[in-house]
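Two complexes are shown next, each including chain A; its partner changes from chain B in the first to chain C in the second.
Here is the complex of A and B:
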């Protein structure tokens, strides 16, 4: 059996690199559409200030892109080194969207980003706008394919296990492409990116207005960010609710854990606004419940039940027992593939093969698992409730906080007096980190909530990890952390330097601070 | 292109080059020799009754 330290280190390494990577990604996704809006205003009105806005915010976008590009490559390294069994088991499905994403990122997104920066003097206004639009489309399509891959990990559709090749094989590409979990995840995630871009522009514009510099430039930028941010945060909240719906169907365990729902309640279930989950006794020591809300969100109905953790555990116990038979039959089939009786038995239980593999954490031969081992495996099927419960609520809380901020910013933008509201400008400035925090919390909910699986119901995490030495993992972990920390420091330095310079850094002679940092 | 833009472009190009060098160094130090080859036979051992899958550190 693999050591738990090895599994935990592999998970930690992937989590750290993914979280660092996602500091850069949402800003890139969000800024592209803000640049499209600003440049469209320039093309439609012919006013130079909109061109300056596109170029200045484009410069900050470029810094973020240059720093962020290739930070995802280390995750690809890890698929081969730390997650070799995962790569073998699901590479046939997982590899396809990753490869398409690589092509999209390199050939579409990067090409148009190059044209965006170097095409100002070579393309007409409309041609350059078209380039900016295609850059935004390329960036979003690139995100789509990654989220299709991730959506498949949450809800593995369109694939079957082959006992001949010992891996999952794709049987329906369109089912993978139109996986409802992937689609909901895509729109929710890119909308979160749009919010990040809007908050970035809103906060820095607020900073200029508080300092009383570059006022017209900042006012126009603030208005665009307020309108785009408000639409985006509404989209995040509505689509987040929408993505909770497929979670309810495909991953009832995650939903029950993040709602601390121990019992199956009569429909429609209540929503635990606040609770103190007691995992040892499988109950909440304290809870404030809003009636009906969870049932309506999770099932879109008033009469459909959402299973609680205890009911799910009972179902999982049955699936583990069935999975034991599947693993035993698989072993016999590998020795004698012509054995028709074993093949029939395997096909009857193959849907629970992953549940049988959960026992491999405790015993080499799953057929000899004791009742205590089975009980431990049953307990493993539920992720830790308290971290999920609170992380989810923190993310949602941040979402509503941003809704209030963008709502106020839009309201006073329409009234035209937002620049006279220092409290609003200060709130906008101080809330700059909030969308990044929300994005990271959201990924925590999605990935931690899927445990103990890498592929939900198919491949347990502890079976996905390569048999490496713990020392090599500590070494590479230190290397990755050092690398990303360095990038983050450089990013912060460049961003702060150019944000402080403001549009004066364009050298047009039209803005404040023009020569202070020359 | 103004002087400050040229400076930023130079800094970003240097940064991307430094990043590629660092990534190559990380790959060279930690990834290159840690090859875990998995085929259907090793997968069978890993997923059924064998004690462990094989490590092929070279």
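Here is the complex of A and C:
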């Protein structure tokens, strides 16, 4: 059996490196379209200021992009280095979108980003705009394929287990591609990226306006960010609601946990605005409930029930017992593939194989699992409620806060007097970190909410890791933390420095703060 | 159109080879330039010249590495799982060395401070020199067999240590690989520079080209005389569902050269390594640098092709549990996945080559001191 410490360290390393990577990704995703908008304005109007906007915001985009690339390399290889059994077990399905991402999207993005920065004097205006658009398309396609891969972890469609190869195998590529979980996740996630890009431009422009610097440049940037940001935050909220619509079982479990819904309530269920979940007794010590809302959001109906945690647990107990038979049969079948009777038994229970594997955390020979072990495995099937309940509410709260900000920013942009509203500019400046916090909280809900699985219902997290020594994990974890801290310090230093200097850093002679090349 | 399973397994062996060669040619010349950077650029302007020869392209070229990783994940999941977790510290060393590249390229010239810039120059050196060294060492270990085995449920267990990877033969392979990449980078750099930088680079090119020829010959002799190969002795059913435990393997002196007897045409590969390197050296000295780049690319095809053809059908033999050794027949994905991935590659690879070519065309020409001065704020 794999030690719990090894599993926990592997999870911690993945969580740290993934969440760190996602500090840079959303800004890249959002900025690409903002650059396209600015450069389109340049090509259409011929006004140099739009070119300068594209170049200056592009410069900040580049500083961010460098770390996105750096930390992305880790992600592409970490499945192999630290999640070897996972890679073997689901590589047949999971590897394909990652490889196609490289071929279809990342090559496009990375090749054209070079021309975006260096091609200004060598390309016609229209050619350069095309380069910028292709860079944006590549970036967004990249997100699509990664989220198809991630969506499959939440809702593993289009695949079957093969006892000969001991792994999941793809049977329907289109099902993997058009997985409703993946599609909802994609639009929600890229929209969150657009919001991040918009907030970045909005905040820094507000900073210039508050200082009375580079006013024309900042005004134009602010308006673009306000309009783009408002559209994007609406999309995040509407499509986030769509991804809360539970299509698969994984989402049902996640939904019940993040709503602290212990009981299956008569339809339409109420929504716990605030609650103090009590995991030990499986109830809420305190709750403020809004009637009907949960049922309507979750089922789009007034009469369908949403299963509560207790009901899900009961179903899972049955699946674990059935899975126990599947694991036993599989182990026999591996020794004697010709045994037709065992094969029939296995095929009857193969759908619950993953649930049987949950017992492997407690016992090697799952056939000998005690009732206590089975109870523990049942309890494992529900992620911890309180962290999900609160992170989800915080994320949603931030979403509505940003809706208010972008709403006000757009309103006063249309009226044309936003630059005379210091409260608005200050709010925009101080809310700069909010989209990043929301993105990280969102990923926490998505990934923590899928536990104890790496692939819902198929492969438990504790079986997915590489058989490395705990010492190796401590070493690599220390290395990643050290490198990433150093890189973050360097990146923030440059970002703050160039953001503060503003468009003067282009050295065109047209802006404030035009000191000699630092 | 869908291909049958044995054909697909062979095609994917070739395609992984193509991706590896593509990586070595494209990302390789950037890495070679990085390795040479502190030595051929004597002042800041010269170093910026060197960096800007690859400035617009390194990022796109690095995707060969990322896509190579993704393709191995998709096509050879067992290799991806076993090799990357087994070679854990070697992989991390590659990743951490690569960290220096994006930040080194993008951040170096944003601050005009000699210490800052020199630090990133050495960072780019590490990012250029360490990955090819480690890839070479890894290949050297593949020839000797890697200490790993599978449990019944195909959970891979690696039982060696990181330090055992650094044995003399593997280190020699590391030298060959680094020499090849640096040589190739030097030729690219000669193509894009002039004057003093080009002269210094020529010296480096001749040194690394000679080192490549010597190292490649030495490794070949060593492989022939001193390293036992591996051979499958049970019947191979190429169309079977992949199961690496379902075969019998023996260790045998000279087995790594057996393919050259069986298919004499494969002798073209080592010949290409020699001919390509020699031709590239000659052409570069005569300033036919573009032709030299083609020749050194062919040399890379020869060197990597020689390694692949010698190992075939093995990808990663096991030294401790011989039957666990991974081959092109039994470490692959399902037929459906291989088919889908093949079509994805056939559709997108020509597009990638086309727009990459266009990007090089747009940025073509020598990078000069005047260019750096005029683009002080925008260039790397």
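The rule is short, and it goes like this: the second predicted complex is superposed on the first by the 505 of 518 C-alpha atoms of A that agree within 3 Å, B and C clash if a C-alpha of one lies under 4 Å from a C-alpha of the other, contacts with A are read in each partner's own complex, and residues count from 1 in each chain.
Everything that follows uses one rule, which is that a contact is a pair of C-beta atoms (placed from the backbone, for glycine too) under 8 Å apart; a residue touches a chain by one contact, two chains touch by 3 or more.
For clarity, every value in this text was computed on a predicted model and none was experimentally measured.
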| item | value |
| --- | --- |
| Clash or fit, chain B versus chain C on superposed chain A | clash |
| Touching partner for A:62 - first (chain B), second (chain C), both, neither | both |
| Greater chain A contact set [chain C / chain B] | C |
| Which superposed partner A:429 touches (first chain B, second chain C, both, neither) | neither |
| Touching partner for A:43 - first (chain B), second (chain C), both, neither | neither |
| Contacts of A:77 with chain B and chain C, given as first, second, both or neither | both |
| Which superposed partner A:141 touches (first chain B, second chain C, both, neither) | neither |
| Chain B versus chain C as contact partner of A:364, first or second or both or neither | first |
| Contacts of A:95 with chain B and chain C, given as first, second, both or neither | second |
| Single chain C stretch clashing with chain B - from 27-35, 153-161 or 189-197 | 153-161 |
| Overlapping contact positions on chain A, where the chain C interface meets the chain B interface | 62-63, 66-67, 69-70, 73-74, 77, 80-81, 84-85, 87-88, 164-167, 331, 334, 466-468, 472, 475-476, 479, 483, 487, 490, 494, 498, 505-507, 517-518 |
| In the complex, chain C residues that touch chain A | 55-60, 62-63, 65-67, 69-71, 73-75, 77-78, 80-85, 88-89, 91-92, 95-96, 98-99, 101-103, 105-107, 110-112, 152-158, 241-243, 333-334, 336-337, 340-341, 344-345, 348-349, 352, 355-356, 359, 362-363, 376-379 |
| Complex contact set, residues of chain B against chain A | 2-5, 8, 11-12, 15-16, 19-20, 22-23, 25-27, 29-31, 34-40, 43-44, 46-55, 57 |
| Complex contacts: residues of chain A adjacent to chain C | 55, 62-63, 65-67, 69-70, 72-74, 76-77, 79-82, 84-88, 91-96, 98-104, 106-108, 110-115, 117-120, 122-123, 162, 164-167, 169-171, 173, 331, 334, 466-468, 472, 475-476, 479, 483, 487, 490-491, 494, 498, 505-507, 517-518 |
| Chain B-touching residues of chain A, taken from the complex the two chains share | 1-2, 59, 62-63, 66-67, 69-70, 73-74, 77, 80-81, 84-85, 87-89, 164-167, 327, 330-331, 334, 357, 360, 364-365, 463, 466-469, 472, 475-476, 479-480, 483, 486-487, 490, 494, 498, 501, 505-507, 517-518 |
